[in-house]
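In the two complexes that follow, subunit A is the common piece, with subunit B as its partner first and subunit C second.
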Partner chain A sequence: MNVTKKQQRQRTLKDAFLNGLTAFSSMLSVLVLTILLGYVFSKGIGLVNVDLLRNQYWSKSAIVAVEEGTQSGTFERPEDLPKEAVWSEKWGIALIDAVSHEKQALVLVERVDENSVFAATVDTSAGPNQGKSYPVVPGLQVQKIDFTDQQGNANFTGMLASETAEEMVHALDQAVSIRSVFIKTPGGGIRGSLIATLYLIFVSLLFALPIGVASAVYLNEIAKKNRFNGLIRSGIETLTGVPSIVYGLMGVSVLFPITAAFGATTTNILLGSLTLAIILLPTIIRSTEEALLVVPQSLRDASLSLGASETQTIFKITLPCAIPGILTGVLLSIGRIIGESAALIYTMGTFINDSPSLLSQGTSLAVHIWSVMSGEQPNFELACAISILILVFVLILNLTVKLISRRLNKAWY
Partner chain B sequence: METSLRHQRNAEKLKRKMRIDKAFKYLFFLAALLSGSCILLIVLFILIKGIQPFLPGYRYGQMDLLQFLFGTMWRQDQAVYGVGYIVINTLISAFGALLLSFPISVLTALFIAKIAPRKLSAMLSTVVELLASIPSVVYGVFAAGMIVKLVKWLASLWGISTAGGSSLLAVILLLAIMIFPTITSMAVTAIQAVDHELELGSLALGATKTQTNFKVVLKSAKSGIFAGAILGLGRAFGEATAVSMVAGNKLFGPTFDLFDITRTLTSTMLAGLKETTGLDYDIRFSVGIVLMAVILVSNLILNAVKEKVGNHG
Partner chain C sequence: MENCFEIENLNLYYGEKQALKNLNLSIRKNCVTALIGPSGCGKSTFLRCLNRMNDLIEGCRIEGKIMIQGVDIYDPKTNVVDLRTKVGMVFQRPNPFPMSIFENVAYGPRCQGIKDRRILKEIVENSLKQAALYEEVHDRLHESAMGLSGGQQQRLCIARAIAMEPEVILMDEPTSALDPIATSKIEELIEELKKSYSIIIVTHSMQQASRVSDDTAFFLLGEIVEMDTTRMIFNQPKDKRTEDYITGRFG
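Right after this comes the complex of A and B.
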């Protein structure tokens, strides 16, 4: 049978169409990734700065009082003060207008002269710090300043009267004496979550790494091929398919008593770490095993024939050769820890804790996102800003893993 | 010169070495046993805790098991817990995502493995890897910010109003994106593993390259591609945080309307989690059992199907 020109052309067309279809599908994935990255970066990049990492999430309010008798003076405007800042010559303080990440107008302290009355204020709000020195420092948010005006009347100025920095300084210049300042520390930062995430990484690896590596050594070096060891292996493999939220349930039911023995009363970071340790086990075991598999048998044989015991061979020959693989496992695990959310919501709670400790509640970066997103008013900007941090970190980890595995592929032996 | 070192053997030292060897072997074995038995612990404890509400003498009042399994309403405020419609919703959203994602994934895998020039293929593999490494909360933020808007716009084209875009369709789109890298990477592996001789045979018989790709390569890789689909479906079932951000929390159901809000098993487990005691908390373990059962049963069925269509056709 001969193929006619027409049939041939039809075939070519059809092929081109099918090939085009595959190319189109692949482009869809590129499109999705681009839109996702574009969205997250455009929305969150404005918030990514050192303050985000350093600040606490909850802003704390305090009323600080000016010491009796201190008075105004004449302060020279510092030369390096930014143009937008408004300087009060009488009181030696610079205020500046700002906008919070919730798009609210704020007045921040930009500079305080060291001889100003504001540099020697005392905390008057009830609490353990009452009566202690609490100077007004740059970066604080000024809610309100109480003062006595020329007629001897008590008056106030500030954001509570929705005044700008300029109006406040103007009002202050009319004042005879300052009485107290209502200040707020800046909030919206992720310092606590950052610390909690570090806790999670260290503590969960502390448990998962030895157990995982030891399991891999057993499965690859010691275990005989029998039914029981097969069961262990399939048990570990099944762990990979368990959804993370189920791990969360497991954490609160199985592991909570362990942390309670250490004195925990609520869900806590230690519980989250232990749960994560179990989530990480299959990853670490698999990557260690893959590395152990490529260690040549001749190395082990040589070590044994020289009189080393099996334990010595494992610790001094086999495991050192497998270090790149173990490292890959660790990096993959860190990526998993940073991204994990569902299991941690169950085991650590969703309360954003500014000073987390092992036995207190806290949030990892991912849970922090969940926490600000699941409220009444989801805070997309902050969520995207944290997402950027997570994405950058995960990207770096992935690249490192790629580099290491390339190294592993051209091994030295 | 000495000819033998035998007399230098120290029996005591040797014995100690053997003892250490044995001790470490036990230690390694214990570690492996611990890792291997985790899954048993998980299943056992969740079963124990999840069954409790249905046993007589339960602290907060015994629940009716049948009502729980086949109920069509979930109201925490009224202590009415029916998981039946939620199971249906979960199945709809997961299979909907698979339906959407599967063809795109397979075509992409074919493009990466066989059609694209080397550089482009490497770039696309990186894209797929990147998509796989993005954590689910980030997908959630993206879905709550962008996918929801897309759904809203689609709905307005038809003149339907949505609950701010949170809907079954948003869940399906989100899950489709999330399981795409899983299926694609499995499919790429399967396609690359196809015997080259088969392709050459097809080409020698006069088939074009494209015909070979679609009719020979894809057919031979069927089993591996199917395994990827099963894995992806598992991920779709178990995905929690991202789904919760766009599912809405429908109180009754099931939801068949694409633009209506829905509720999946995982979003139910996360919704309104505040107390750590009480019926409302314990019932989440029961939902967990149902989730595991759904995953297990659908895996078994799909594996059976895979065996059937497997590599015989």
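Right after this comes the complex of A and C.
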């Protein structure tokens, strides 16, 4: 065939254009992902620390009183105290300036000498704890300290007067006696949501795993290939495509009475778990079936030829061989649980609960993000910080899945 | 001499296709019977009839009788699980379970409900000794069987079958996946085992058939062309097709 120079050139040009297009597209998607991750990390990384995991979300206020008659003293500044902390020699307390995740200036307690009056305060707030010991401890925010000054007048210092740690310690030097302290526990943490998420993972898998594995075993190993079982199978496949918000609606209307029988009065974590269990079933069935399919027929044959019954073969050989694949399904499910929000908003509510229990409301990490973003002042930093945690977790899960499936491929022959 | 299997008018169909055509033969006890023939002639199919492994194949239909100790194994009253404890099987590719060597051999007895560790240990050791594997693995019984060589794995599979104390051991081309040294070890083992068991072995190697077997059946297109002592088959075959096949002039 005769190919002219022109035709040749045209082809080279066309090829170069198409190749360039694909390269550009892939570059673009990588770029978008990088920007996204970069944004989330730069915004949130400042908040990711142990306190975020440990602290409660809602801060609690209390007014603690100093017992009368107690005196000031001379307290030496501890040597290991950070430079930024301001030490009150007279009262044995160190204060430090900080910034809240809402960008407000805070004054926190950094250290309290064990002989200081602040270590022997009692709770004055009305309630069961009134009169009980409530010492001022590091980490608390100091809203206000009431004291009597040298002229015998009542006076106060603290964050309410927009004072810094330095100014407060200076004011305290003028004090003759301390009367009471208005303190606030640190908030903005995700401890409650973390616990609620763990609840969700355990309880939903507790239901979904045995039922899902058993269904897969039935469909794959026991059921005859007839129309009825084909129907069941396609039914399960359809379940995969249902949007989770529909499951959420079903959870509230159909499953709520079940949790109500256990004494639930509001939407609750158990309801969320049950709904999630249903959402997870198709995933678990599917991955278990896939795991069962790759178990070599020769192992089943070997077992049967040794006089094992078909049930023994399933439970002693086929299922154990499928465990890595089932584990993959479990990890994928955990990823799904962590990422789920729509179905949970209906079934568990959006109230961030610092002490969640099975029958109380609570938020998963994803719903926690939703909650802090849907207020009047969306909290981008906190949302990004939680997103980082979720991303890291999902990354670890995915790597583990990869590792397991690589193992799985090596296991036989 | 007693027979371990008596087969009468055996026909087998895979769906519409007939794979075994009116087989009539007896298999002698405590002998090695070789099944030879070109591939696709139904040797494996026949072998799998003898422990009812064809039951699992959908669309497989069987007519006729296979008698073992005067009982038809396809009689509805026959318990398949019992049958398979009497008729063990070794497959073409070594297929140990992904468990320890010990657990592989103990698997069959355990399935029958034997739990006593002392008894199991005894069974495992005896079986491994009979399969000429004990010397090689006695110090790593609790390591994974997947770490053994192909030949060792196949002997482990034989040990696993022996652990059930079967009367017959079926072997479907047990050496086709092995190197010559491992093959000769298995052949020596078969020589030893026939003192205690009846062995039916499918092989595609004429030399193997003539080396290890007492009787030989020649299969062709689902039929038995000729069955006789191995000496007769290899020295004075009665059928022209047999002669062609064993002299390599076939096809």
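Annotations
We take it that the second predicted complex is superposed on the first by the 410 of 413 C-alpha atoms of A that agree within 3 Å, B and C clash if a C-alpha of one lies under 4 Å from a C-alpha of the other, contacts with A are read in each partner's own complex, and residues count from 1 in each chain.
Going forward, a contact is a pair of C-beta atoms (placed from the backbone, for glycine too) under 8 Å apart; a residue touches a chain by one contact, two chains touch by 3 or more.
Since the model is a prediction, treat every value here as computed from it, not as a measurement.
Once the two complexes are overlaid on the shared chain, A:I317 sits against subunit C while remaining clear of subunit B. Contact with both subunit B and subunit C is seen for A:S309 once the two complexes are overlaid on the shared chain. In the superposition on chain A, contact is made by A:N398 with subunit B only, not with subunit C. Of the two partners subunit B and subunit C, more subunit A residues are in touch with B. Looking at the shared chain after the overlay, A:L28 reaches subunit B, while subunit C stays out of its contact range. By the document's definition of touching, of the two partners only subunit C reaches A:L299; subunit B does not.
In the superposition on chain A, A:Q377 makes contact with neither subunit B nor subunit C. Judged by the document's definition of touching, subunit A residues 309 lie at the interface with subunit B and also at the interface with subunit C. Across the interface of their complex, subunit C is touched by residues 225, 296, 298-299, 301-309, 312, 316-317, 321, 411-412 of subunit A.
Interface residues of subunit C, counted against subunit A in their complex, comprise 51, 53, 56, 58, 81-82, 84-85, 88-89, 91, 93, 95-98, 107-108, 111-112, 157, 160-161, 164. Those residues of subunit A that touch subunit B in the shared complex are 11, 14-15, 18-19, 21-26, 28-30, 32-33, 35-36, 39-40, 43, 210-212, 214-215, 217-219, 221-223, 229, 231-233, 235-236, 238-239, 241-247, 249-250, 252-254, 266-267, 278, 281-282, 285, 309-311, 314, 335, 338-342, 345-346, 350, 366-367, 369-370, 373-374, 378, 380, 383-384, 387, 390-391, 394-395, 398. Interface residues of subunit B, counted against subunit A in their complex, comprise 17-18, 20-21, 24-25, 27-29, 31-42, 45-46, 48-49, 103-105, 107-108, 110-112, 115-116, 124, 127-131, 133-142, 144-146, 177, 180, 184, 208-211, 213-214, 231, 234, 237-241, 244-245, 266, 269-270, 273, 276, 284-285, 288, 291-292, 295.
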